[in-house]
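My questions all concern the structure below.
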């Protein structure tokens, strides 16, 4: 059994409503449902949370420090400036997968810089809902590898 | 009847106390009073909120998504780095007017860059309390134009 | 009675003809008409001028130095590099409102920098024809405030 | 019959006198003569103008808006900073060819940036007098193509 | 049946020998074997190629233009400067997944910029051999989605 | 009697757990204990608070505006981008000492820039727990100096 | 009789297939045919080559060093970074014309910088197939001028 | 007898009125008077002109090309961006002295860059009215030196 | 007994005379006196030196390499460019405290960068004379910590 | 009687030997002789010093603090980086004239930036030996003005 | 016996023909002859190769991975952008000497940056043919040192 | 007989003591001894000097101007900012070899820029003590070449 914290950053609760040409038409509920389905299949226990607040996201990460085996996080807009979330991820020392729905490298210039990327294990971006599913697989692979 | 959300960002609750040579001597209550007066005159219903928290400001914007016809926002310091508020404004698809008490272009370099400006309808800065009143007029004009 | 100089910079005489998706379909005559209407209502006397020449715009500003109580200026393309107009505005010591039809912060990078902004009282951009009307109101408010 | 406006920017009236190692020994009259010769050959009607004034160049472009089928312009030094001329060219919506006598990419750094290049059809630089002749051919080709 | 071209860029034939602390101890043969295993499982036909030559990589991409349904590419060092490969990928119009063994955002500055990223569908980096397997899954998901 | 507000920014509650090679092995409780010991010795009354939330830190600062004589703040990651905290400190007009456990100038480039430094009285960085103790002494010295 | 080497860089063999909105619908064969037609008319002998490989393009240039009177080159993507091709052109000391199908100054930022431009005679960009024809005329004019 | 053209750029006709703390309290007439006095003393014939128009300044420089032995120019705001005036000065091949009333290196950043400085003989800035007098002496010295 | 070298860089001998609004009214003698008082109290032996010469400061540091237990240095203007002093401090391997009288982060931009900061133990700036006293305490704390 | 300190920076003792195409063929002795001649004429007492050492130049400036009425300084290469000399000049509060033999704005890029210029009264560059003579006149004018 | 691979990058086969004022008049054959002479003298076995192709140079380096004791490489233009060659050199783990005929630091700006320099043992530039001979000596010294 | 001045910059007298992992374990005496040995072998007369003072290094260079045939210099930290030493080397017109013990291109960013490199004959870096010996050989080769 692997335990994974899935964290959704700001505005992701508006998915589907929000610029569907960029972020796709899936709602956050649909994404979470698909994640739960895959998790069950792979014998993974999930804890899922969304918040618009930088501080609340850090609180959640710290709260899962002793429970989770890995983290899958889409920091949303905080990707580009939240050194506080970066520092938190670095202090957790949990394998972390950064995911993005859209290809952040084909949009505005400021979106191509992720301040958290240097401290995570790896990054997956551009595949919409699939980014999360691949992220969960990546997290599981890393944990399994380490347990071997 | 037009419904407008007026949002005040961080530290604006300290207006009057705070560097009056830059921000003028009006308190936030006085500004809100003047806004209410003008709103009544123009048959506008206002919802007014101040918060020091980025997440709370986003929550408020999302909460007004189905109620408001337009937004007048002074994002305060978040103007210069809150991509999260920018993304929220972009996802709301409501006509938004960005206002500033001071002329942000005659101060420190970092203040002359607004990360939200590219996604709002327009910006009004430098007229003190008057910036808000002009902002309300602008919002009303845009909504009326669209209703025509 | 308040006296306001309204100055239109280069290419604004081609409004309506010129990229209507950006600048709207109003002609300069229509804008001037609307300004005159509002001026009459507010007991403001207007002097209006358009020129494609940087030197002529400076001549006009200097010429109005002793007549005008305030200036509303849309410097057009000169916004982005005419330090000569900036210096002129700074030397006039008249309250000046900078207006723009389009939201200059949502276009090409070079348009988001205004060299005159640091020396004017405030800036209004993005509301099309309405930018001018709000600009006139702002100018009047500033003059009235000073006379009190 | 094709009608082409040929515009020479500042200091080009001093050609021949001016740094012949960079700009060649042809005078502006000789260039205009060669342009007229080629125009006659190709059944093109030319209107040719030189001015040192940015405003006058814009006036000339606007004046030809309804007459010309295409523009050949050497903006001289204005190439590097006249956003006003750029905006004018963009508003004309006439096919425009930017020409330069010298290779602007093998000189001072600031000369390698043309602010008008992004809004013209194409650019020809480095062939001396020949740049103009090629420019006229290019203009004619574009107009003929469009008429087909 | 889905057909996928897998392309390995320069120096990837030295995997295992090459800085194992960064790139892991897997050889390219092992990676290819694991890819073939997964492909068989998912009913995917693979074509795999490695080259140190930029031109040869472009030739291979063009050669697969009519055969492949998708591309999985690790451009190696060319990631950071080969606009030629970028242009090739853009012209192919095939769904492309960019993969990297290491987390390119936690290394030298120049490695955090990918010139091909803006024209691919998505990017996966930092999971070693697993990056390729996730990349193959991503490619399959995209093709299946499109066929639906 | 001097009253000092001590504010700890994001992730400082994880001290000891968090990268001990950089931040030392002291926990936040130990630091607070040592601060209380020194405060008692120097006849200083302390109010101590830690939060991961930018907004909560501002709320705390505003809440102490009328109580405190000075502030000792370690803004953690917010040091590098929270203009909101900077504006709050500037509006408080209380003598403020910025402290850092690690030498922020010998780490990643982005850590060598503090957005709050220009508005505080002074900065002490690099001495671990000792940075706080020196910070308290500095605050006391400044207040005593002003009272003289 | 004038001998001209015409060199097409990477991906130009995919013309017509490749983003026709940018590069037009002409295939490379059509361009070469039009070049041969014009060459025959002007008594020019052509040698034409396309390659995706930087090294092969340099080999071709060196191979023509003693045969050709001039070079017309569209370096494609190599325009923006191949200092090796630049050095080769500089060492050949043959008059060289750089041509581009699209207006490289109205596209992505990185395309507006040509590393070969400083060492060629001149540059023609933006006229599609016509760029090549004008380039051939320019090359002939330069050679004829030198022979006079 | 030496003939010197003295050229005053934009806004210098407002000297005395204009920010006297920066530019001093001398009017342009007083400066010209002092220049005439010194010229008489040194047997120099002066031609003096002020214009707000870039084009008119270039016209004046070209008009004096065959009359003047030297130029003393205060390009005012054009100092910082008029490549057209720079090109004109370079083409005149007359010894030119650039003068400034204020120390342009102790003001806003953009004022410390002069685009004309690289093509003039020398520059004198910061001595108020005295800058002009020293400029005239410098011009005379250079001409006399050349005549020896 | 702890031995500390105190080094004052260029122009610090002019303290009191020199811009008292920035550096305070204390003379260097007064600072040294206060340092000696505190040193006696804490059983520290001091060696104090001021020099305007970069080379002499390095000589002094090298001369104290075998005597001193720690260094307190105010490198004055050399803070911002003396890589030679930085290299010297790095080679000494003595705990070093960098102190500044003024808050170097609230002044000209170039003062906010210290080239020595990355190789010292920590930095204290902005507390006037108190910066030195805190620096001495910091040095003693570090040495005592190491001796434990 | 006016007392002026004339300071020559590094390598100026090699004048005449050193790159005469840039610095002219005058030796330092000749320059000093000409300065003495003019000083006698104008009733000025001179103290002249040359040094290659930054520290020695500062010592000399401090040594003259109580004797001199003004300073004429050619800081040579130190112009471009000696913040120590800049701070010294700022602390002296004597009117200072910065002079340069060559036009520092028409040479390498790094020479166009003077770190001392912002704190001197004015700058004269480009007139060879004459720069010093004009500098002495400027110094005298400033002192006389102040005595009036 | 020491085995050394000597690699010449693009355009070096044109030495002698190519800009002799920069690269000297030696041909590549003469350089190779001199290298062979010195190698014989020092009991070194050489393998020498030139290629214009980045891929071929990498192939050659990989091919010599098990044969060579050291590498002497002049990467020519690839010095400035071939991260692929850099990665190859880093993976070889052979002592490598980078040589350049010309002083790459006294030419165009872009030539002063070598992307391979950070991963080689050392660099020798500016001594023409002698650079290679010194490079061979350096390589031998390093190998001998390691064998001791 | 060839005469060579060998100059060691700041901190090189601490070699061996100083960061041996970067600079090796050789002392300066050992380096000088090895240089003398090689010099005797090659019939070269050496003058060797070390100083921590920029001015003293310039004095030494000027002092050897008429004696030396060549210079071998390791400017230490001054490499990166001493324009004064650069100007001195440029004025000497002696063939100069710049040497560095460490590979300055694989360390901190600021070390990869040498301000003296553009005016020396060539540069050798990264071979420890061997850099000096190769430097002496290079100097001798250049002098012998010139004497031929």
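As written, the chains take the letters A, B, C, D, E, F, G, H, I, J, K and L, and residue 1 is the first residue of each chain.
One rule holds for everything that comes next: contacts are C-beta pairs under 8 Å (C-beta built on N, C-alpha and C of every residue); 3 or more make two chains touch, one makes a residue touch a chain.
Computed from a predicted structure; not experimentally measured.
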item	value
Chains touching both subunit H and subunit L, listed by label	J
Touching subunit F and also subunit K, the following chains	none
Magnitude of the superposing rotation for subunit A and subunit F (Cα, nearest 5°)	120
Averaged-CA centre spacing for the pair subunit K and subunit G, given as whole angstrom	32
Inter-centroid spacing, subunit F versus subunit E (mean Cα positions, whole Å)	48
Approximate Å spacing (C-alpha centroids) for the pair subunit D, subunit I	63
Residues within subunit J bordering two or more other chains	53-56, 81
Which chain pairs touch, all of them	A-B, A-E, A-F, B-C, B-F, C-D, C-H, D-G, D-H, E-G, E-K, F-I, G-K, H-J, I-J, I-L, J-L, K-L
Residues of subunit D defined as touching subunit H within the complex	9-11, 13-14, 17-19, 51-56, 76-78, 80-81, 110
Touching residues on subunit L, where the partner in the complex is subunit K	103, 105-106, 112-114, 117-127, 130-131, 134, 137-138, 141-142
Subunit B-facing residues of subunit F, complex	53-56, 58-59, 62, 65, 81-84, 86-88, 90-91, 115
